[in-house]
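Heads up, the next two complexes both have chain A, just with different partners, chain B and then chain C.
Moving on to the complex of A and B:
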């Protein structure tokens, strides 16, 4: 600059920029500020050497760019922290795997381990149908109550989780109720429904209903409607209904039964996780003793 | 503004203070305060206090991972953090009280910023010499002497900083164990981070920022002005006696002039770099070093001491009229501070004496709120936490009341009976509990959970809910 203009009051050079008569003074940036700027530049150089930072044209696909001297990646960091967790888990896992269900349920540390693992696996895999609280929905069994379709001991639950219900596995739980809509008349179905309701309500029923039930239904559901867990025949005499407890629901189920299915989890989850799940489900409140 | 006025300075560069060495009553008091406060800070973590097998034996410890704070016989659990609030309230009111009586003596004698700055100035003086030498060295050209003396000073500052940070972490870890770890350079990273951070902050605050911390950063130093009144002791220069000031040669008459010989020693010793003769200033931390300095000079020139002294505004005004005025110790301000201190302290003490050795918390399940069982009864699930704050294992009996036909079952490893729930010393017993009852007439019923020890000495209750379908 040829002609340096100085401010009258302070004697400091101006930048020559003017806004409505106000001129900016050309004060230097504070020294400490400049110091911080230089430190950040040095930091950035060091950082770009140590960590992956610069994009390159010929990166190796997934991790294009400079690799950094430490070879740090988020993948490695994840693997490291996972290894830490797996190592911590391993000390319980080996003990858990070699212990029976009874032993686990008697050992506070193993029990807590199983419940934590089971709760986590439940939310990932089971909650979709059975709900996060395990209460299920119409057609999806409530796992908290004391009414079990296929048995409520921890071994029964283990069996069901492993091989599923009506799943594609030789050992799966399987039952099939015939569609009585093709066999009975509408009046007959209504009579049977009235009789089934009378188990829990104690109400009146037509005699024809009882006759038909005893002939056609009692083989699986038992004469007094208590069902049969070996065949997966629901209990019809309690307060809990799988597909709904109104007469309309009953008529619908007798005429054209729904057959829900549950996958066999033995091909999807490892044996230890399934055992943890069994203990977790058993702990929800309805679990039965062996 | 006239053209002849000096250029306006928008920014005044800080003049670093080089406090001169002085000896006297208040300086002595400051040394004592420094030794006492630093001793407490460095030694307190090594005090032991027996709490049995299940709790640490360090007298003062904040155990972050276990979420416990220990102070001799007091043990604080996370939900009792209001004790900390109480201590802070009391500390604040005590500061107000002391300030209203004696001015900023906290700042002058015991504030860590003052103590560490004092320590750093002492190091500076040992290595570089007294005020004149230090100023010459600082302003002089770069020389071998300057390099080694500055180097040693800064090295010692960093060592003190490291010791400061090193002591801080002892309050959060078992001190003897940590000493061993530090000696073997095998410390947890969190400890390392704290030591480095506090080393750096001590070095920065006590070595460089010094009185600027009090002037620009510390809120307490500024709002203490609000606690001042005319009966508060401040450092005062006695203008009546001192003016007109001027140089005095030995043997000259003292008639017609003030006692101030304008030696500026009071300015040279001031750690915050002010001239107390200009009157009360917000930078003044009431440390009294200028009082010592002036008394020394008054002794030399054979005039009475106390030209600069701790004094009240009332007395200063009274002396202008030729009277003296003793400070009023008990006045509305101090009365209220004492009253607040007593009330807060009383409430805290009451709380501490009546602190329960255990507690019961019952959390109702949210999903589901209730379960209908096959016989039509209703079951509710709860997470029950029984706190055992004592140092011995305890067995509790848990029961529920207020609900007809209610049956309580505990779902836990080993199927414990509800009347034999073991809770280990100094820990929380966590139990899943199911309460089953015939369907109540209303959707929600109030129930009461009770946990009692076998001998009935401890009874804890919790008011909860039992939920059911609305009929």
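Moving on to the complex of A and C:
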């Protein structure tokens, strides 16, 4: 079957196979290609000596394999790249961590550092509930306005971020409004809702609503509805509503209050990041002076 | 030299021997390291098998294809550690079958999402993500609050997982159904049993409804992700793995 012959044009032997009159020249693989193959094999040998690669039976060494002559690990590489950024931050952090909030706000360089760090941490950790721009969502407070549930000074904000609201921490902010659906009749709740709406709209209200409010609600929300930040009782007089401002929303909230929850961040973020966040949130628009 | 392959091609027995040798090398390289699998798992305390309710949530996670957009692996790279926290350890997914490391992040990595958001947030966000994150492209999964979690057969999942090495005890399997219901209920009478069988359990009514739904299961699962391993005690010294 084989019929090797020399090709007239090129002077190269054929493979000896013939398909419908077509013959194939028996050219070797290109030399450059063979050269690259051999180089990659040599490269692989060198690589396996320098970097961790071969599994071993002893269980010694990184992940139970050879360690490589350079002692390279992904963890070391991470540590090196972190060291670089830690060093760059350290020149600010050493001053930032020891400075009070007032000092930071008075020092333009430190303030810019805190805002940048806070903005970055905010996007990952806070924006999911409070919105990328801090506008909040139904049940998640807007951080741009000056209506604060638990106080709007930097120290108040710092306390809230550290320990959360109704979170699993001893020092968490905690308030619980009773479910008045079990205490008031439907009519009474409607009257109270009308009275509460009148704080911001100035509309008419049934006198029974005011009586009930003064008896049952004013202790936390204050007689004129301005609320009490020490108890986490929202301001009812400013037309800014946490769970909606229609009468239906108010009746629902009075009957069976929703109690939002904010995690305590002291176990997830380091103390310095929480301080940066406090300054950043304070800067968003509604921050109050001490 | 370039014609020497002819002798192999013309001799079928010789060809067969070379084929067997080549495949054996490939097989050994792929298979032998599996016998040393335990050396790749770092010694870290705290990682336990999923509770029955968390396991049901894991099943929902798989069924809904969450892995299509969310990975569960914080890689040891600076920007990832900055954003998500401590890099993932192999030990943290050793009881996942299959693991959910993933290679595609349309949404964020979820390896450390546990405890990051409130249960209410998860309920609202899973039903309609854009209500909380307007720029999100995640679809809503509103049906999860309406479907009861399939807990009657969850013990069979646990038996299957035990066959592939997840150390569920007989007691855990026998009590799977009551444990699952206890975890999704506020102050359940069966809570003590659940806590005696599993460490560090979040037990509460996750979705706020009286029935135990797939939403309860999914949130129970999400809230435990990345929280089991006691990472503060884990020290990687960079070069040498301490013996186990």
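One rule holds in what follows: the second predicted complex is superposed on the first by the 234 of 290 C-alpha atoms of A that agree within 3 Å, B and C clash if a C-alpha of one lies under 4 Å from a C-alpha of the other, contacts with A are read in each partner's own complex, and residues count from 1 in each chain.
Assume a contact is a pair of C-beta atoms (placed from the backbone, for glycine too) under 8 Å apart; a residue touches a chain by one contact, two chains touch by 3 or more.
Treat the numbers as computed from the prediction; the structure is a model and nothing was measured.
Of the two partner chains, neither chain B nor chain C is touched by A:44. In the superposition on chain A, no contact is made by A:183 with either chain B or chain C. In the superposed model, A:139 makes contact with chain C only, not with chain B. Of the two partner chains placed around the shared chain by superposition, chain C is the only one that A:78 touches, whereas chain B remains out of contact.
In the superposition on chain A, A:240 makes contact with chain B only, while chain C stays out of contact range. Once chain A of one complex is fitted onto chain A of the other, the partner contacts of A:271 are absent, as it touches neither chain B nor chain C. In the superposition on chain A, A:128 contacts chain C only, with no contact to chain B.
When both complexes are overlaid on chain A, the residue A:9 reaches chain B alone and has no touch with chain C.
For chain A, the partner touching the most residues, choosing from chain B and chain C, is C. Residues 131-132 of chain A lie in contact with chain B in one complex and with chain C in the other.
If you check the complex, the residues on chain B that touch chain A are 1, 7-8, 10, 365-368, 371-376, 379, 381, 411-415, 432, 434.
The part of chain A that touches chain C in the complex is made up of residues 28, 55, 57, 59, 61-65, 67, 71, 73-79, 81-82, 85, 124-125, 127-129, 131-132, 137-140, 258, 260-263, 267-268.
Residues of chain A touching chain B in their complex: 9-11, 105-108, 110-112, 131-133, 135, 142, 144-147, 235, 238-240, 283, 285-286. Here chain C touches chain A in the complex through residues 2, 32-33, 36, 39-40, 76-78, 81-83, 85, 87, 115-121, 124-125, 131-135, 236, 238-241, 243, going by the rule given at the top.
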